[in-house]
Every structure is written in structure tokens, then in C-alpha cells.
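The structure follows.
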Amino acid sequence: MDLIEKRTAGEIIDARRRAKGLTWAQLAEASGRPVVWLTSAVLGAHPVPEEVAATLAEQLELEDDLVEALRRQPYRTIDPELLSDPTIYRFQELIQVYGPALKALIHEEFGDGIMSAINCSIDLRRGSHPGGDRVVLTIDGKFLSYDWVASEG
Amino acid sequence: MDLIEKRTAGEIIDARRRAKGLTWAQLAEASGRPVVWLTSAVLGAHPVPEEVAATLAEQLELEDDLVEALRRQPYRTIDPELLSDPTIYRFQELIQVYGPALKALIHEEFGDGIMSAINCSIDLRRGSHPGGDRVVLTIDGKFLSYDWVASEG
Amino acid sequence: MDLIEKRTAGEIIDARRRAKGLTWAQLAEASGRPVVWLTSAVLGAHPVPEEVAATLAEQLELEDDLVEALRRQPYRTIDPELLSDPTIYRFQELIQVYGPALKALIHEEFGDGIMSAINCSIDLRRGSHPGGDRVVLTIDGKFLSYDWVASEG
Amino acid sequence: MDLIEKRTAGEIIDARRRAKGLTWAQLAEASGRPVVWLTSAVLGAHPVPEEVAATLAEQLELEDDLVEALRRQPYRTIDPELLSDPTIYRFQELIQVYGPALKALIHEEFGDGIMSAINCSIDLRRGSHPGGDRVVLTIDGKFLSYDWVASEG
Amino acid sequence: MDLIEKRTAGEIIDARRRAKGLTWAQLAEASGRPVVWLTSAVLGAHPVPEEVAATLAEQLELEDDLVEALRRQPYRTIDPELLSDPTIYRFQELIQVYGPALKALIHEEFGDGIMSAINCSIDLRRGSHPGGDRVVLTIDGKFLSYDWVASEG
Amino acid sequence: MDLIEKRTAGEIIDARRRAKGLTWAQLAEASGRPVVWLTSAVLGAHPVPEEVAATLAEQLELEDDLVEALRRQPYRTIDPELLSDPTIYRFQELIQVYGPALKALIHEEFGDGIMSAINCSIDLRRGSHPGGDRVVLTIDGKFLSYDWVASEG
Amino acid sequence: MDLIEKRTAGEIIDARRRAKGLTWAQLAEASGRPVVWLTSAVLGAHPVPEEVAATLAEQLELEDDLVEALRRQPYRTIDPELLSDPTIYRFQELIQVYGPALKALIHEEFGDGIMSAINCSIDLRRGSHPGGDRVVLTIDGKFLSYDWVASEG
Amino acid sequence: MDLIEKRTAGEIIDARRRAKGLTWAQLAEASGRPVVWLTSAVLGAHPVPEEVAATLAEQLELEDDLVEALRRQPYRTIDPELLSDPTIYRFQELIQVYGPALKALIHEEFGDGIMSAINCSIDLRRGSHPGGDRVVLTIDGKFLSYDWVASEG
Amino acid sequence: MDLIEKRTAGEIIDARRRAKGLTWAQLAEASGRPVVWLTSAVLGAHPVPEEVAATLAEQLELEDDLVEALRRQPYRTIDPELLSDPTIYRFQELIQVYGPALKALIHEEFGDGIMSAINCSIDLRRGSHPGGDRVVLTIDGKFLSYDWVASEG
Amino acid sequence: MDLIEKRTAGEIIDARRRAKGLTWAQLAEASGRPVVWLTSAVLGAHPVPEEVAATLAEQLELEDDLVEALRRQPYRTIDPELLSDPTIYRFQELIQVYGPALKALIHEEFGDGIMSAINCSIDLRRGSHPGGDRVVLTIDGKFLSYDWVASEG
């Protein structure tokens, strides 16, 4: 069994998904997982737990080397070229334009610290408006305050 | 009247705000503007309309050159060094980890296109959870579909 | 059926096109699509709709994996090395030289906002002049104004 | 008389223009020059001919060091940070998405060569459409073919 | 009172410290703070609480604008040139050489997650060895596991 | 026998390890080596001595080309993309935030010089705290003072 | 017939040339083309006209896929690593040292404009001098003046 | 006498030159130096010998600090932003397009080595052609062959 | 006979060398070449003369394609990632720390010019000292003075 | 007493040195320090011991703020633009061309480890040769072997 790079595996599994006419939402429901989590995990951003991998293997008829790739712990990195894809870039631009304000408001509301990107969930849904439908993205991360703590004992 | 660079003006106005003991939320309320908008605008990301500038000038006793800087059309850029501030960087990391999944789900739900970063609002609020309070960020942008349109007439 | 990277597919289809002696303009006409759109789509910048892919497959005798690549949603990115090709670089240089002026004039004419690169069409034609023929490029994009809008309901 | 950097001079003259309530279009008309040319020249992209500089000096009451800066031959460069301003960036994105197609079509229509960025004019106008007004940008550059020519005699 | 950039303030305060013949350890003790925390805070990495700032102001005879800079919330960034200082670079090299191993061992011992750089303390002490004295650096950060949590209610 | 790149070999050996259900700690114990050393060496950061390579070959049933790769002297470099993996990046961030303070304190305690990254050991262990378990990383490197020494004779 | 990347084709044809003991000068003479043009074209910088390709194919016994690669329109880019080859780098260094002076003198002699890199020929010959033989490089490009021209009609 | 940065001095002296209506060619003739050498030296690329500095000081009425800057040994570097000025960039593009060919032909004609950028002269002149005047640049550098030589004795 | 990239060939030949238990010093002696030259040449930095290639082919039983690669003229470049290998990086650091001083002293001793990296030999030997053995590196390059010379006749 | 940046101080002291007609060698001799050490220290690479600073202050009539800058602990970094100065760049090029060979030979002669850049001295002298005088640079650094050592007790 050869090693398949996790992101390559994600592209192959995605092609299987399209070929079978399944949506990410359907796979997420079948797996009992939130759709942003499931999609990012398949595309290579998370190690997939055994039971979720089993569900995906069954739904998409995956070979063992693809399952092994799903299960594996990833390096959570991105090919920097992808950040310039227009759909992804707009999020980059929002950080560029609003990053300093978000920092100022997190400090005003919570004090010195950050929003965790580890203890964090993301939801994407359709919003409605007379001017046209909207993408509504909710990022919900634990506040972590700067704390100078050492182990005990 | 010398020209003050818009971001420098933002730092000076921010120092005035702290010296007067006013929160961003209070300034936003006084201005009748959402707090993320108001904060980013003062820090240099938007041209500030006349009436909002007047309110800020009054509340913070701003000199004319600071008001002129607030009113001016900005280049909406950022010193790249700031993107590595931990509080801002976590948002960068989220795009790195979840960007491909968000792209896939936007295409699945809306078709080929992007979430606008121009027709877009952002809200930041405190969420509660037994494990600790949470930062809840909502980004709400109009979906724009790839469309090959030309002017008429 | 192996996955072929979309840009690789574009190079192979382009070679087929040359081997068959067909111009981009002829393919565009056969497909009922504007030539800048059709060319960029084949080279990997757009997902190709089913009927256009069918026309191309017939005209150029494409195998299924090439058709699948045409149909697939792309990452709209570019290998940065290509931006230094002299024919492409001249457009880069125009942004470098005239970018600030175009920004100033868009704001003067339309207010605070941008020209959309998503709701946008491009036309390239030959212009005539005693000093020599000219390349005339028309970019026609919807104006989007900065708008702080949120979903309703 | 101290040397004022040409782009700094452009920012100061722009502030004068706003303070006097003059549009770029009005300055262009007074100078007898196309508006994209005049705007870019004032912002630092061109050496300004004597008579145009005189007109600007009169209209905007410019001091000698500002006139000297206008007249001076520039380095036509840009602070790279400005390329990420959203209004300018959309043009960058268009090159990224459509650059290879424009190259292919220039070669198909004209042969091996480039569109000149030196013998080139640019026009920006408002286009109309039921879906909203549009920015229409026309770039009109001489075609230059690759030619292996040497001086005679 | 002019704004002094926080890192500039740190350099000035450091010069005061040397002029007065005080060590970082003495300042830390006087402030009742761990020495790594105190040193980094003075050099610009943390907002300094009121009572610590008061102690420092007294010990080092600081003017109000320096105290204001100490108290201010920082951008926790670094001039990238400083990372190549040999004393700092050796830490960079350790991450380069041992980073993948540390990642593998954190995942083996704790599961999928990270060591927090926010809830984290650092201690630096002298170690002894027949071959020469040693720098012993202890980094003690809370383990955070990847957790898909959302606010309640 | 083909040459296998050392880091590729590390990934293959790691997959063998997982397939056999062995931990890094177990491999380290079997090899009589500290676990951070053993893990980094297998992943490509050190040449592996003959007896350790023999132990690993036996435990993991390694083919000769993998053993040869383990034995080989490495370039101790890292694909820069990996430095942005969140688990590794937190160490980068600590250098960014605390690097100048660590430099100041090394100079205060030891004089002008560096902590060696060559004569250096690293230990990773679990620390306990009511607020949650902690990653405790100890870096122990020889102090090297700047010394202008030349060979004798 | 597989597609061979144009630069790869150039390396293969170059190896054929060496194996046959032919110089670039001989190939250029056989092709009736200047040697700098012919060499750069074979190495991938130009599309090769049919009759030249035929001559090369005959002289070097080239297969069809190599001829096809010669004929193809190139992206005229370079792997940036090659710019640091010492023989090429010296030209980079000359631009670094003399670029501003050449710009000043082109403007003094010709006015505002550039030397064309498209309508341009290059000659390389041996020069003699008591201190040692010399490389004499002549670059001969058409002067293009900045001209704001639009198509007629 | 304050230190003036050498390139800043060059800009000031250049402004004096323009104010006095002197060309670079006239200054070169007065100094008895080739014009490319003289221009680059004044703009900061060479230390200017005493007698040349004296001539320039007299012709342009330079203060002592400007003369001192002219005389000083430079770092021969360039602000990288200037390399993108269109007039300079065309030379960059020529290296990109023709660099590999020039390298191949230098090796064919002279063997393994480089054209010196140190023992090197440059001449710029106007060439004539029915299609328009031309910039003719001659670079004349000593060939240096790779030679493994050590000092004697 | 396929083309083998010169650095790949170097890695393969190095593996042969290790497999045969030969040192670089032994190969250098057999070839009658200095060891730094021979090692760098085999690893891809020089074209290897016929007789040296023949010796190496005999000693290491090299196939024709490896010999062809040795003989070939190289691009003398380096994968930039390798510069961060600690053993190589220390030389980088020395240039960073001492580069400006070496420049000043070369100018003081020799005048305006450089040490040639082309007419240059390098020797590496073991030095002894009570504090531990030392690496002694001698770089011996011809001084080249800036000289404005042109070909004669 | 204002803080003067250490490298700025170095430039000022260097100007004093030239104005007084003193060579680096004379200053080194007066200070009783090797010339490469003394030169680099004055230019900002080392903290200067009290007695050396006193000698320099006397010889060059330095003000207190310059002496304070000399005494201060530096960040041993370099403005990256300076690395492209031709006199410094040749050393960069040598690492590029010979770095891998030097690494291989250090490992062959000494085992796995590095040449120290901290316990290291550098000497620059004139070498003679019929073909022209030579720059002879000797770098003499302690070999440090990779050693997994921890503090005792």
C-alpha cells in the first residue's frame, strides 16, 4: 500500500463524490458531522476518526490507501498559490481591511488575548436580502487570555 | 494644514479615545454606526462621512487635520508585519485551514462565484459556553456569481 | 479515469486545437460564447457548462478525462512565473503606472467602491491607426459600492 | 528650494484639489489633456509639460517646488503595498484570471508580440445596464511584433 | 504628549536601565513579575499593568509618554530582520530541525492539538555541566485540543 | 538500490510504525535513545548510527534503501510551508513575541554569545495543572561566548 | 505524441547538438539566422518558424515532438534560480549598478520613453585588448516614446 | 558637516544640474570622463576621484557635504522598487529572455567563465533606422575564466 | 541515453562513493585535483574535464549518462532551502556579521574593487587548539579593480 | 543624550576616521585588536569593551552618545540590500557555488557538526601571484559536533 499525500487523497475523494452525485451536505449528514468540519477534513485539514472514515469509505467506495490518508494526522498548511483564488482571497481581503478593528474590539470586550483557532467552529449558511442572497459565515472561537501559567508539582 | 497619513491619524485618535476613557462601542453609538464599521473607519479603513466625522470631532476634540484625514478616501492596505500579530494571525490561520472547504461549500450552495468583501457587514459579539466565553464573528456578504455582462447601448 | 489537473488539460486541448488548425475564434463561435471567455475557460479559468464541453469534445475529439477537467470548478490562480511573460507583463506594468489614477477616477465618478472582477466581461479587438495596428482591450465590470448590509430575518 | 519626492507632491496637490472643490475631470479639461493621463501625471506617473504645469499651478496655486516636482522625470514605480488596495487589486485579479487567454488571443490575432504599454492610451467611462452602472475601461495600445532589427550604417 | 512607538519606548527604557546599572532580574524582582515576562513586556510584547508601570516609572524615572507606551496594548510583531540575529536565530534553527518531531510527539502524547502560545510561561536559567555552562529554557504551555465547539443559547 | 530522499524515507517509516502500532516512545526505548532525538532522526534530521538503524530495521522490517536513507548525512532543512502548521507555528510565534527578551536575558546572565543549537538537547513532557494538562518543553544548550580564537602552530 | 515542455525540449536538443559536435554558430549559419536569436529560440525563448525548424530537425535528427515544441509559442519566462548563475548574474549586477544612469541618459538623448525589448537585436562578439580578450555585447533596440494614442475610426 | 547619503546627494546634484541647464554629456566632457561612467558616479555608483569632484563642484556650485558624498566609497546597491521602472525593466526583461543564450554563447566562444562586471565599460549611443531611431548599448567586459589559483610564497 | 540533471547525478555518484568506501580526499588524489574543487565539481558546480571524468568513471564504475552529466557545463545555482542547513548557514551568518568590515578592508588595502569568485581557490583543513580542533577555511581570490576598459581596434 | 542606532554611529565614526586620515589598520593597532574584529565592531557588529571604546574616543574625538553606541550590545543583522553590493556579493556567490562541497568535507574530516561562527576569527591579507595580487581570507572556527547533552544536577 503506497502512501497517498493527504491533499491528493482529498482531490480524488472529491472526484468520487461528484461522480456519485453526492453533496458535501449529504456526506456530512451521513457522517453525523457539521458540514464545514467534514468538508475540510476530507480535503485534508483534519485527521478523520475511524467511524467517520468508515462511513465515507462505504458511501464513496474508497480503497484502503485513501482511508489511510483520511485517518492520518495532517500538516494543516496550504499551497500559498491557492490563497489568491478569488473566492478564498475575499476572506484575505477582509482580514486586511478589518483585522486591526477586530483586534481592537476583541481587546475592548475581552481584554488582552485572542480568539482560538483551535477550539473553534465555523458555520456557513445562506442569508436572504432584497438585494440578493448572502453568504453568512459564523466563526465561533473560545477567547483565550494571555496568561503566564506554569505546571504544578 | 499638513497632511496626516490616515493610519497615523487613526493612532492619534485612538490615543485621544483612551485618554478620554471612551470605548469604541460608545463612539459607535454616538455616531449611529455599527461598531466594527466605526472602529475600522477611524483606524483608516474607510472614508468617514461628514456627520460622523463631526460627531467624532466633537466627542474627541479633534483638530482639523485629523478630521480631514478621517474624511479622506483611503488605500485599504495593511502593513504586512501586522498580519503576524497573534490576535489577527488566528484569522489568517483559519483561512489557511478552512479556506478550501469554504470555497467548496460556497460553490455547492450558490454556484460559481464569491462572497463580496465590499457589500459586506461584520459583527463581533460575546458568546457563552460552560468551557469559557467565546468570540462570535459573523461575516455577512452578498453572493456574487461569475457573470459575463457588458454595458448596453 | 485519472484526474488531470485543469491547466494541464488546457495545454493538451490547446495542442489538439493547433493540430486541427482551429482558431480560438472558431471554437468560440461554435460554442456560442465570447472568445475571451471561451479561451480562458479552456485554459483553466472557468468551469465549462455541459453543452459547451460537449461542443468542444466533438470539435476536438476529447477523451472523457479532458471533458471532466473542463467541467470541474477551478482554483482561479496563476503560476506567478507566467506574470513575467512580456505579453502578460505589459498589463502588470499598466496597473503599476496607472493603478492609482484609475482608483482616483473610479472614486470620483462612482464614489467609494470597486469595479467587479466577477460580474465583468472583457473584449479584445484590433484597432487601426496610421502608426500601426492596435490592440484594443475593453474591460466592462459592474460598479460595486462599499455597503454595510446584513441579511434580513 | 528643497526637493519634494514626486509622489509626495502628488498627494499634496491632490489635497489642494479637494480643498478647492475641483474634480480631476475639471483639471483635465482646463489642461486640455485626457483625464486618465492628467490624473496619473499629477499623482507622479509622468513628467508634466511646461504649459500643463503652468495651468495646474494657476488653478491650484502651487508653489515652485511642487511645480518642479510635476515637471521632473519620474521613476514609474509603485509602492507594492498599494497593489492590494481592493479597487486596484481587482485589476490584478483580472490579469491573474484572464492573462493567459489575452496572451493567446493577441498571438492569434496579431502574431508573436505584445501590446505596448508605452504607446498606449486608457479611457475610463460609465456604462449603463439594468443590473447597475458599470465601469468601462478601454486600453488601446500599439501592437509591437518581435522583430530582430539592428541600426543601419 | 506625543505618541511614542512601543518598541522605541522599550529601547529608551532599556538605555535608562543600563545607565542606572539595574539588571532585568532586579527590575523583575522589584515589580514582582517573572523576569522573562517583565523583560518582554518592557521591550514591547505586552501591555504593562498599572502597578507594574508605576514601579518601573519610579525605578527608572520614566516620563509620562514612556509610561503611556508601556501601558498600551501592543501589536506583538517583530521586525523580521531581528530574527537573523545569531542569538535569536538559533531558536529558529531548532524549530527548523526539530519542529516536525515536536509536532509528532505532541500528537502522540496529547492527541490532535497544539501547545498554547497564549496560556504559556517561559523560564530561562543557567545549567551546569563539566563541558561548560548551559542555557536552560523551559516553555510551559497549555495543551489545546482541536475542538469543534459553538456558543450556547 | 535507488536513492530515497531522507524525508520521504521518514514518512514511509512513520507509516510502518503506525501500521505496527508502535509509539515513538517505544521505538526510542528500544533504541536506547531520547525520544525527541529518535523521532527527529527518523523524520530526517540526523544521520542514524549503525546500531540504532539496525534496531529500527528489525522493529519495523525496513528494506535496505530505507536503512541507507536513515544512515545518510542530512541537509537539516525544512519545507517552509510546514512552518505554518498550527502545532509548529506556535513555536515560531513564541520566538516572535519573546525572542528579543530571551536575547537580552542570555546576554545579562552569560555575556555576549548564544545558546548552541548543536550541543543541545530537547525534552518534551506532560505537565499538570488544575486548568488543564500542559506541554513542557525543555531546551538545554551550551552557552557559546563570542571568542576571537585562531588555530595554533 | 506527448507534449514536451519547451525548455525541456531545448535541453534535449542542446544535448543532441553537443553529441553531434555542432556549435551554436554552425547551427545559426545553417539556419540563416543570427546566433543569439537562434540559440535563444532553441532554448525556448521564441517560436521557431517552419523552415528553421526543418533545418534544425535535419541537422540534429529531431523527432516530431521536439519539432512541435520548437514551433510552439512560448511563455518567455525564466526559472528565477537561473538568474543567480554567475555568468548570467553579472548582467543583473550591471543593471543594478548602471540602471539609473542608463535611464537618465536615454531620457537626455531621446526624451521620455524606453528602449524596446521587443524590436531589439543582440550581438555577442570577442573583443581584443592587451589585458585579455573581452566579451562585447551590443543591444540595439528601437526607442519608443511615451505616446497617448488611440485607435481611429 | 552632516553625512548625506550618497544616493540622496546624487538626487540633489541632479536637480542642480537641471537648474543650471547642463546635460550629463556636458558634465562628462568637462570632467574628461565617459558619460555613462560620470552619470552613474554622480548618481551614487562610484567613488568620484578628487579632480572630477572638483570639476563638478565648480560647475554645479556644490557644498562640501555634497562633495564628500561624491568622494565616498559606495555600497553599489539599488532600491529594488526602481528595477520595475519601465525604462530600466526592459533591460531586466532582456536578461530573462536572452540570459541562457548569452551564457551558452559565452561558454562556446570563451570557455567556462564570465564577462566581468568590474573590468567593464558601457556605451550608449543613438542608432538610425528607417523604422525609427534606436538605442544602441554596448557592454564591453573582460572575459574571466574559472581558474583555481592560489597565492604564491 | 536520457539526460540526468547534474545535481541528481552528483547525489548518485556520492552514493556510489560511500558504497565503495572512498573518501572525497581519495577521489581528489586519484584525480590529481584539489579536494574542494573535486568535491564541488562532482556535486554539480563545475564541468569536469575529460581525464578527470575518466578517472572518476573508473573508480566509481559510472554509467555513460553519469559521465555525460559530469562533463556538462552547469548552471552554478543552489536550491535556496539548502542555504539554511546549519553547516552551510554558519558561512551565511559570517557574511551577515562581517561582510561590511571585509568590504571596508578590501577597499583600504586594495582600493575600489572586489575579490574574484571566479579566479579563486578554496582550501579547508583541520587546525589545532587546546580548546578543540578547528575548521580552517582559506579563500584566495584575485583582486579585481573597477576599471573602465573597452576593446581596442 | 539621545540614542544613536549602532550602525548609524558606525557610519559617523567611519567619517571621522576618514576625516582624520586614519586607516582601520592604525585604529586596530592603537586598540590592540585584530583589524577585522575592530572594523566590524566599529561598524556595529560587536559590543566594544570599555578600554577599546576609550581608545577610539580619544583617537577620533567621539562624543558620549557615539561611545555609548559602541559599547551597546548589537543585534548582529544586516540590511539585506547590502548583501548585493558586488564586493560583498562575491562571498555570497562562493557559498552558493561551494557550500555543498564545504559541508561534505567538514563532515568527512570532522564528522556530523558545524564550524562555529561564534568561536571564530577572520584574517584578511594580501597574497602575491604573477597574475596579480590576491585577497586571502582565512576563516578559523571551532568545530562543534552535534551532541545531545543536558545539564547535570
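The first chain written gets the first letter, and so on, giving A, B, C, D, E, F, G, H, I and J; residue counts start at 1 in each chain.
Keep this in mind: a residue touches a chain if its C-beta (ideal position, glycine included) is under 8 Å from a C-beta of that chain, and two chains touch if they have at least 3 such contacts.
The shown structure was predicted, so the numbers you read here are calculated from the model rather than taken from an experiment.
Matching G-I against the pairs in G-H, F-J or F-I identifies F-I as its interface repeat (over half of contact pairs the same by residue number).
Rotation relating subunit F to subunit I, from a C-alpha superposition: 70°, rounded in steps of 5.
Judged by shared residue numbers over all numbers used at their interface, subunit D and subunit H contact each other through mostly different positions, with under half in common. Here the spacing of subunit B and subunit D, counted between their Cα centres, is 29 Å.
Between the Cα centres of subunit B and subunit F there is a gap of 42 Å. Computed centre separation for the pair subunit B/subunit I is 54 angstrom, with centres defined by C-alpha atoms. With touch defined as above, residues shared between interfaces to two or more other chains in subunit G number as follows: 75-78, 82, 84-86, 93, 96-97, 103, 107, 113-114, 116-120, 127, 129, 131, 134, 136, 140, 142, 149-151. Across the assembly, chains come into contact as A-B, A-C, A-D, A-E, A-F, B-C, B-D, B-E, B-F, C-D, C-G, C-H, D-G, D-H, E-F, E-I, E-J, F-I, F-J, G-H, G-I, G-J, H-I, H-J, I-J. Across the complex, subunit B meets subunit E through its residues 11-12, 15, 18, 81-82, 84-87, 127-131, 134, 136. Of all residues in subunit E, only 84, 86, 89, 93, 96-97 touch subunit I in the complex they form.
Of all residues in subunit I, only 34, 37, 46-47, 73, 75, 103, 107, 112-114, 116, 118-121, 123, 140, 142, 144-151 touch subunit H in the complex they form. Every residue of subunit G that touches subunit C in the complex is listed here, in rising order: 3, 68, 75-80, 117-118, 149-153. Across the complex, subunit I meets subunit J through its residues 14, 23-25, 35-36, 39-40, 43-45, 76-78, 82-83, 85-88, 90-110, 113-117, 119-120, 122, 124, 126-127, 129, 131-143.
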